[in-house]
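Labels A, B, C and D are assigned to the chains in the order they are written; within every chain, residues are numbered from 1.
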Amino acid sequence: MKKENSFLKSCDPRVKFVLALLYAIIVAITYNFSLLVLASIFSLICLLLSGLSFFYYLKRLGLVNLFLVFVLITLPFTTPGEEVFKIKFLSASKEGVSLAFLIFFKSNLIILTTTALLSTSSIFELAHALHHLFLPSKLVQLLFFTFRYLHVIEKEFWRLKDAAVVRCFVPRTNLFTYRTMAYLVGSLIVRSYDRSQRVYEAMLCRSFNGTFPVYHHFHLRKKDILFGIFGVTYLVAILILC
Amino acid sequence: MALLEIRNLCFGYPQHSVFEDFDFSIFPGETIGLMGPNGAGKTTLLRLIVGLIKPQRGEIIYKNRICREEKDFRFLRREVGLVFQDPDDQLFCPTVAEDIAFGPLNLGVPREKIPGLVKETLDILGLSGFEERVTYRLSGGEKRLVALGTVLAMKPKVLLLDEPTGDLDPRNIERLSKILNKLSAAKVVVSHDLSFLKTIAEKIYWLEDGKLSLYYDVSSYDSSRLISLDRSIFH
Amino acid sequence: MALLEIRNLCFGYPQHSVFEDFDFSIFPGETIGLMGPNGAGKTTLLRLIVGLIKPQRGEIIYKNRICREEKDFRFLRREVGLVFQDPDDQLFCPTVAEDIAFGPLNLGVPREKIPGLVKETLDILGLSGFEERVTYRLSGGEKRLVALGTVLAMKPKVLLLDEPTGDLDPRNIERLSKILNKLSAAKVVVSHDLSFLKTIAEKIYWLEDGKLSLYYDVSSYDSSRLISLDRSIFH
Amino acid sequence: MHISEGVLSAPVLIAGALGTGIGTFIGLKKISVEKVPQIALLSAAFFVASLVHVPLGPSSVHLVLNGLVGILLGLATFPALLVGLFLQALIFQFGGLTTLGVNTFNMAFPGVVVYYLFGPLVRSSRSLIAGVGAFLAGALAILLSGILVAFELTFTGESFKAAAKLILAAHLPVMIIEGIVTVLLVSFLKKVRPEIFGQEV
């Protein structure tokens, strides 16, 4: 199932995770344009090494959420400064527009780069990497189980929803709809709760004794270490230089 | 004239074709059994019929109306009822009465008629007095009957059942087949259980590789042939 | 001498007694089929045996050791494996290999032996090369086989299977019965499918009202008797 | 509402990460090993529920349900939501790595508050009291989340004040719907599986 057809896909997820985190932090807290430009060079390298298609990234960016929209449309009008344009009585300032642009730029850079670094590993691999990065093991187990059953529960939900649709349910703004939604979600919660008990019993039946055995082990290879050193050096360097 | 007809249906999941130029029809009152290996597309077919998934090509025609868009299927679903494989998927209301009332309420049945309708449905199933029981805590067999009831309450003309015998014991299977035989609706019943299908269906088809072949026909019943077929599926 | 024995077992859920003075035993290598109506307590029995629920009275004795506390059952569970009805409950690891390795790793099998053990288990199941497949993307039939594999990898002396044929088609059922027949472990198989049980079990018991009665015995096979029993369950 | 990457200032991000860190630490202590599957499955269920769109006039809102998560999980709300939001960040790019702390805090803290304020009411055997408790829990959890988001934005910079107000306003209709849905959900769960409320995590 693992297609190791690009550098990042075969790269050690621990290295990728550390780099993604460092990159996201540096870009998130800066207000410096030249640093962003230098950071985007790093992003570009990651994109090229990821082997993911252009459309894949486009889809990811397309999901830019409502929150950003709220911020971007208000900032030009609420930041004091030199007026550039005016809509009725609202005047947009030059500073506001550039701040909005800065935030837009930062947000997208982080999304692109973390996508390149993290979407090239499966979530199970990432969870495993986190285990090695000294996260509490209970938290990692929680992550494992949540992701494992996400699919089961999601399918369960669609089947429940289908059951409502088949019985001619059409959602509208009324109490009947809200009640139906609550019933669907409630059924989902009850079934998840009961399933969790069966899953735990299944673990007991296989002699589970409180610690989760680890099956695979990662091996840091030379190129992983080189990539890690290069990445960290570059990111720290641009942070100091700018 | 066929009540429900499928013509030249093409459907596949990404990277995996299930039906190509598939034809099927069912007449009023008729009961059709459907068998076939796991993954042959039996569940997919039932979901296609009620429009939960849309075909890539071809037509689903109900009462001479070609169904293409969601609104056509909304019309179809008023009269074509699907009973799911797992009753837990179908029963999402807290009590039996609410669950059975859900469909009729969506169809706009007036509220004062609902209790009578619920009672009548439960009587057909032999579950009189179950109105206030919590659905989730019913036994497996009872859940299956209630799941059937939620669809029966909508008085369907066509009933689609996906592996209704699931984990039922022989007694409950017999009870189910008696109930089904009393209904006048046309039925399509998917099951791996040949002896069950024989008690309810006039024709049993075998679905494999996206093709339908007649497997058993009550009108041309020939026991020697059947036994050899019976065996063949165990080899 | 019996490998596993149940003596004078009493168990009930609140307001609902399931077993009273129940006895049962299984000998090494023996395969026992277990049938009975929905809600008879078949699943409850299997859960009692592996100590997931504790009896109100009575004894579960494995290899002459009376199991009462959790630590006794821990010992028992190393050698008595339960395969659940829903494979999704049992397959909680990301990949097939990890899932199969989970039990053996808990038993302290040395790490370097694990890949070999995984491969061997998959070979028995006819699923060679499935190591890196993601469990939740397997088909229903494959999931069932892998769920069986997770228990087989622990090399159990007793195997308990709860309705293993679920929604399997005849071909997959046959595959399963071939695998089961190859195993040397003692087995208790709960199923509603008599013809399946006949292909694997030496004795088939009927559980009803907390009582066990012999339903079919391969050693004293008497076809006329069987047919009348067969019929009786349809009436 | 998840705050996107690159908006908040460093002090806010750090404070959020710290708050979530402490909450998660305490929450994890409260989860025994055998509870892990239970918390995980419920967390997955809430993840899926949060993708549900509920119609509201011509538009729709999606459920948050952090009030109910709080009521059911108590202090374990922090790790449960942390895991859920981490997955959302990886799968949908909603939120992100740097805002994970802040976003988790914004949802989990109100959940815990609501647990202590209304938990006993919701667990009451009288359905009217439980209903009122559930409505307040559902609605207040959203309101608190909205206030936290608005506060964080304002703290980041004066020019975010308008966005903060807009976002707070957007929370108001959601608040009502969450309140109603939480009441219905609580009454469903109490009827069908009251044991869920019996557990103290």
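Heads up, the rule we're going with is that contacts are C-beta pairs under 8 Å (C-beta built on N, C-alpha and C of every residue); 3 or more make two chains touch, one makes a residue touch a chain.
Predicted, not measured: the structure shown is a model, and the values here were computed from it.
**Q** If you tally contacting C-beta pairs, which pair wins, A-D or A-C?
**A** Pair with more contacting C-beta pairs, A-D versus A-C: A-D.
**Q** Return the distance between the CA-based centres of chain A and chain D, expressed in whole Å.
**A** Chain centres of chain A and chain D, defined by C-alpha means, are spaced 18 Å apart.
**Q** Between chain A and chain C, what distance separates the C-alpha centroids? Give it in angstrom.
**A** Their C-alpha centroids are separated by 42 Å.
**Q** Need the CA-centroid distance for the pair chain B / chain C, whole Å please.
**A** The separation of the two C-alpha centroids amounts to 31 Å.
**Q** Specify, in ascending order, the residues of chain D that touch 2 or more different other chains.
**A** If we look for residues of chain D contacting two or more partner chains, we find 37, 188, 192-193.
**Q** Please output the residue numbers of chain C that touch at least 2 other chains, ranges allowed.
**A** Those would be 92.
**Q** Which residue numbers or ranges of chain A touch two or more of the other chains?
**A** Residues 144-145, 149, 183-184, 186-187, 190, 195, 199, 203.
**Q** Let me know each pair of chains that touch one another.
**A** All chain pairs meeting the touch criterion are A-B, A-C, A-D, B-C, B-D.
**Q** For the complex, which residues does chain A have touching chain C?
**A** Residues 1-2, 122, 124, 144-145, 148-149, 151-152, 195, 198-199, 201-209, 213, 215-216 of chain A touch chain C in their complex.
**Q** Going by the contact rule at the top, pick out the chain C residues touching chain B in the complex.
**A** Answer in residue numbers: 35-39, 85, 139-141, 163, 166-172, 174, 192, 233-235.
**Q** List the residues on chain B that touch chain D in their complex, please.
**A** Interface residues on chain B, with respect to chain D: 94-95, 134-137.
**Q** Of all residues in chain D, which touch chain A in the complex?
**A** Touch list, chain D to chain A: 1-10, 13, 24, 28, 31, 33-34, 36-49, 52, 54-57, 63, 65, 79-80, 82-84, 86-87, 90-94, 96-99, 153, 158-163, 166-167, 170, 177, 180-181, 184-185, 188-189, 192-193, 196.
**Q** Which residues, counting only chain D, touch chain B once they are in their complex?
**A** Going by the criterion above, the answer is residues 187-188, 191-193.
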